[in-house]
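Consider the two complexes below, in which chain A is the common component and chain B and chain C are the respective partners.
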Partner chain A sequence: MLLGNSSFFSSEPVQTALIVGTCAALVSAVIGVFTILRGNAFAGHALADVSSAGGAASFLLGINPLLGFLGMAWIAAFGMEFLGVRKVRERDLATGIVLGAGLGLSALFLYLDVTTTSTTGAAVSVMFGSMFAIPQSLIGPALVASAGVLLLVGLLYRPMMLTAVEPDLAAARGISLRWIGLLQLLALGLAVAVCALAIGAVLATALLIGPAGAAIRLSRRPAQAICWAIAIGLTAVWGGIWMAYESYYWFSGNAWPVSFFVVTLVFLFYLAAVLVAKVAGLSARPKSVIWPHCEV
Partner chain B sequence: MFSSFMINTWIAATAIAFVAAFVGFFVVARRSAFAAHALPLGAFPGAAAANLLGVNPLIGLLVFVGMGVLLLRQLVRMGRRDVGTGLLLVLFLGVGALLLSMTSEYAPAVFSLLFGEVLGVSGADLWPILGICALVVVGIVLYFRPLLLDSTFPDLAALQGIRASRMDLVFLTLLALVAAMALPVVGAFLVFTLLVGPPAAAQALSGNPMRVLALSVIFAEGCIWSAIALSYWTNWPIGFFVGTIGAGLFTVARSYRHWNQRQRNFVAL
Partner chain C sequence: MDLGGRRILRDVSFELYPGQLCALIGENGAGKTTLLRSLLGLTPIRAGQALIDGASASQRRALVGYVPQKIAFDADIPLRTRDLVQLGLDGHRLGLPLFPGRKKALVDQALHAVGAEAFADQRVGELSGGQQQRAVIAHALVRQPRLLILDEPLANLDFGSANALVALLGRLTRTRQIAVLVTAHDMNPLLSVVDRLVYLVGGQAATGSVEEVVQPEVLSKLYGYPVTVLRHGRRILVLPDVAAEDAEAGTAAHVPHPEKAD
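So, the complex of A and B:
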C-alpha cells in the first residue's frame, strides 16, 4: 500500500477517503430511512448492484466513474418503475429481473475492461471498492451529488415521509405518489453512486440499509431515526477507514480492505441496535403505533 | 464445443438447470428473489476460503451457504426480512472481499467466481454435483405438496398443520444446495437469474402449476444451453448471457400475456 509512514490525517489518500466516505454515509443514511420505510430494501440493493455496470463501463470509456455509477443506477430505476415495482406483488420479480440483466451487463463490461485495457483490478475496485485509491479529482463531483440528495430530501421531506409511512393518507391529500416515488428513486440513485464509489457497488447496500435499519429500531420518530442513522453510518465509515489504515501495522504489512471493516462495523451496529431495542422494550410496544404502515 | 473437456460442463449445467427450475418455481411463488440473490453471494466467500486452505471449493461453498441459511433465519427473526437479507449479503461479501485480498490470484479468481466460467467443472466435481442434484430432487418430491400449499395459500397450509417456519427452512436448504452447485459455472451474481428468470417467464404464461413447472424446466435448459454455447463462441463471460437471456425471456413472456389479454378483451367486446 502506498500509505507510507505519514500520520493518519496528513496522508492524502486518507483525507480523500474520509471526505468521500463521509458524503456516502451521510446521504445513504438519510435516503436509507425512506427506502426501508417503503419496504424498498431489495430495490435499493438492486440499484447499487446494477450501478456496477456503469462503473465498469466508465473504465472502458474513460469517463468519470461517478457518472458511470449514476447513469446506470438511474437507468435501472426507470427500468424497475417501468416493469412495475409499484405493485407489491410484481415488485420482487421486476426488481430481480432488472438486477439480473444489470449484473449480466456488468459481467460483460468488466470482462472487456480486463481484455481491452490493462486495468486488471477493475472487477475488484468496482465491486468491492478501494477507498484509499479514489483520485482527488472525484471529491468535487461526490460533494455535488451528495448536496443534490440532501437538497431533494430537504425540499420534499414532508410529502416523502408521509408517502413512506401512510401512502393512503398521502394520496388523499393530493400528493402524487408516482412523482414522489420517482424523485425518491432519483435521489436514491445519487446516493447509491456516491456509496458505490466509496465502498464498492455490491457493498453499497451496507451503508444504505444497515444504519437506517438499526436506526428505525432505536427511535420512535422519523427525524430521530434519520439522526441515528447518520450517527451510525458515520461511525462505521470513520471507524472502518481508521481500522484499515492501522491494519497495515497489525498484520505486518498486509492491510485489510476498508470495505470489509465498514461492512463488519455496520453489521455489528445493527445487532447492537436490535439488542438495545429489546432491552429497552422498544419493540415490546405495538409497532403499528410507532410506524403505522410498516409490518416489522 | 462438445470436446471432452466441455462434456462435464454440459452434463453438470443440464442437471443444475433442471433442479434450478424446480427450486426457482418456489422462489417465484414465495416472492423470495432477494433470498435467491443473497444465498449464492453468501456462498461466494466459501470458494475463496477453500482456495486459501487448499480444500475442494465445493466443500467451502456448502459450508458457507449452510452458515448463510442459519444466519439468514436468525436475522429474519430479529427484524424485517428484506433488511436482514441485505445485511447477510453484504456481510458475507465483505468477508469474501477480505479472503480474496489474501490470495495471490486476485482479479481472475474474483472474476470467474462472480461471473461464471464455462470450464468451471472438472471431472472430479461432476459426481458430487450430480449427487447434490439428486438430493434436491428427492427433497422436492418429498415436500412438493406442503411447500406448494405453504407458498400459495399460507393460511390454508397453517390450517392443515403445515408449519411455516419448517417450510421456510426446507425451501432455503434446497435453494442453498442449488446455489452452491451452480455458483462455479454460472457465477455468484447470476445464479439467481437462472432461478428467477425462467420460472417468472413461465408463470406469466400459465396459471396451472404443472404447466408452469414444465415450462420453467424448458426455459431454464434453453437459457443455460444457449448461454454456454454463446460464451464458448464469443469467449464473453457466461453470466452476461444468463442474465440477459433470463431478462429477455421474462420480458417476452410478459409482453405476450399483455398482448393476449388485450386480444381477449377485444373479442369479448
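So, the complex of A and C:
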C-alpha cells in the first residue's frame, strides 16, 4: 500500500476513499431500504455482479470505470425489467439468467484486460474494489451519481413507499407501478455503480443490502429505517477505511483490503441487529388487542 | 368489458347512492374484481361508462377508497398503522413528507373511525388479519372518499371478526353517508347491512334490493338453469335444482320469506 507515513486524514488516498465511501454508504442505505421492502434484494445483488462486466470493459476501453459500472448496471436493470414478469418466481428466473450472462461477459473482459493490457490488478479492483487506489478524478462523477440517487428517491419517496408496501394500494391511487419500478431500478443502478467503485462489484451487495437489512429490523417507521441504514453504512465504511489504514502497521507493512473490513463490519452489524431485534421484540411485543369487540 | 381478449362482463348496470351499502355477489371468476377495477379506472371499459359523481372513474380517483383482496403485510416492514393511514392521505404525492404533524388530526380521525387507535403505533406486519384490514380501511377512508370499495373483505376472517367488520361497514355507511361497495361469495354475512345487491353470474348481473334479486325466477334466468331459493330465518341459500322435473316442487317448497329481515 502506498500510504506512506502521512497521518490518516492528510493522506490523499484516504481522503478520496472517505469521500467515495461516504457516497456509497449514503446512497446504498437510501435505495437499499426500498429494494428490500420490494423484495428486490436478489435483483440488487445481480445488478451489482453484472456491473462488473462494465467495470472490466472500462479498463479495456480506457474509460471512466464509474461509467462502465453504471452502463452495465442499467443495461441489466432494463434487461430484467424487460424479461421480468410480475410473478416472483419468473422474476427470479429472469434475474438469474441476466446475472449469468453478465458474469460471462465479465469473465471475457477481464481475460482481455490481462492479455491485451498490462492492468494486472484489474480483476481484483473490479470485483473486490481497492478504495485507496481510486483516482481523485472520480470524486466528481461519484458525487453526481450519488446526488442523482438522492434526488430520485427524495422526489418519489412516498409513491415508492406505498408501492413497496402494497402495489395494489398504489395502483388504486393512480400511481404507475411500471414507472415507479423503472425509476427505482434507475436509482439502484446509480447506487450500484458508486458502491462497485468503492468496494467492488461483487461486494457491492453487502453495502446495498446489509445496512438496510439491519435497519429494517431495528425500526418501526420508514424514515427511521433509512436513518439507521445510513448510520450503519457510514460506520462500516469509515471504520473499514480506518482499520485498513491501521492494518498497515498491524501486519508489518501489508495493509489488508478496505473492502474486507467494510464487508466484515456490515456483517457484524447485521448480526447484532438480528439479535437486538429478537431480544427487544420479545420484551416489547405489545399486549394482544382482543378483537373483535363489536361496537354497534 | 374485455380482459385478455375474453369478455368478462356485459350489460352490467347499477347505481349506488351515498349512505347505501351494495354487495357484489358472485362466485370465483364471475367478474367481481374486474368490475371493481373498472370503477378504480384501472381496467378500460369497452362500452358504457363508470361514473362517480357524474365524471368518469379515472378522473374521480380521489373520491374512491379501495381495500384490496388478500392483504398480508410482511412482518418486518418498518411501517406503523399510523404511517399506512398517512400514506392514504399523501402516498401519491412527490417530495418528502416534511410536515406530517399537520395531517395528524385527519389520520387520528380515520384511525378512530375504524377502531384502530389501540394498534395505531404497532407495525402493520405485527397485526392480526382483521386488524390489518381495519388499518387498510382507515388508509382508504382518510381522504374522505364518496365511494369505498372492498374486495372480498370477509374472506379469511373468522366469524367473530367477520361480524365485527360487517357492523363497522354498516356504521361507516350510515354515519359518514358514503357509498360502500363490497364483494363476497356469500351474501349471508352481509344481509343485515345490505341496501342493494348486484348478483353476478358468468359476467351478467341482476341488480336491485335483496327481495327483488334473490327470487327463483330472477336467478334461474341469470344462471340459465333452474335454481331454488331457500330461506331460513335471515339466511338465504341458492341451490341448483336437482333435476328439471323437480324444479316445480323446489320452488313450491321454498319457504315464503318473512316480511323483511330487520
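Here, the second predicted complex is superposed on the first by the 280 of 296 C-alpha atoms of A that agree within 3 Å, B and C clash if a C-alpha of one lies under 4 Å from a C-alpha of the other, contacts with A are read in each partner's own complex, and residues count from 1 in each chain.
What we mean here is this: contacts are C-beta pairs under 8 Å (C-beta built on N, C-alpha and C of every residue); 3 or more make two chains touch, one makes a residue touch a chain.
From a predicted model like this one, the values you see are computed outputs, not experimental measurements.
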item	value
Greater chain A contact set [chain C / chain B]	B
Contacts of A:180 with chain B and chain C, given as first, second, both or neither	neither
Which superposed partner A:193 touches (first chain B, second chain C, both, neither)	neither
Contacts of A:171 with chain B and chain C, given as first, second, both or neither	second
Partner chain in contact with A:123 - chain B first, chain C second, else both or neither	first
Chain B versus chain C as contact partner of A:154, first or second or both or neither	second
Chain B versus chain C as contact partner of A:162, first or second or both or neither	second
Which superposed partner A:217 touches (first chain B, second chain C, both, neither)	both
Common interface residues of chain A - those touching chain B in one complex and chain C in the other	217, 294, 296
Chain C-touching residues of chain A, taken from the complex the two chains share	33, 37, 154-159, 161-162, 165-166, 168-175, 215-217, 219-222, 224-225, 285-286, 289, 291-296
Touching residues on chain A, where the partner in the complex is chain B	36, 39, 41-42, 44-45, 49, 83, 89, 92-93, 95-108, 110-111, 114, 120-124, 127-128, 200, 202-203, 205-206, 209-210, 213, 217, 254, 256-257, 259-260, 262-264, 266-267, 270, 274, 294, 296
In the complex, chain C residues that touch chain A	40-42, 58, 61, 64, 66, 68, 71, 73, 76-80, 83-84, 87-88, 90-97, 115, 118-119, 121-124, 126, 128, 130-131, 136, 139, 160-161, 163-165, 167-168, 171
In the complex with chain A, residue positions of chain B that touch it	28, 31-34, 36-37, 41, 78-80, 82-83, 85-87, 89-91, 93-95, 97-98, 100-102, 106-107, 110-111, 114-116, 187, 189-190, 192-193, 196-197, 200, 236-237, 239-244, 246-247, 250-251, 254
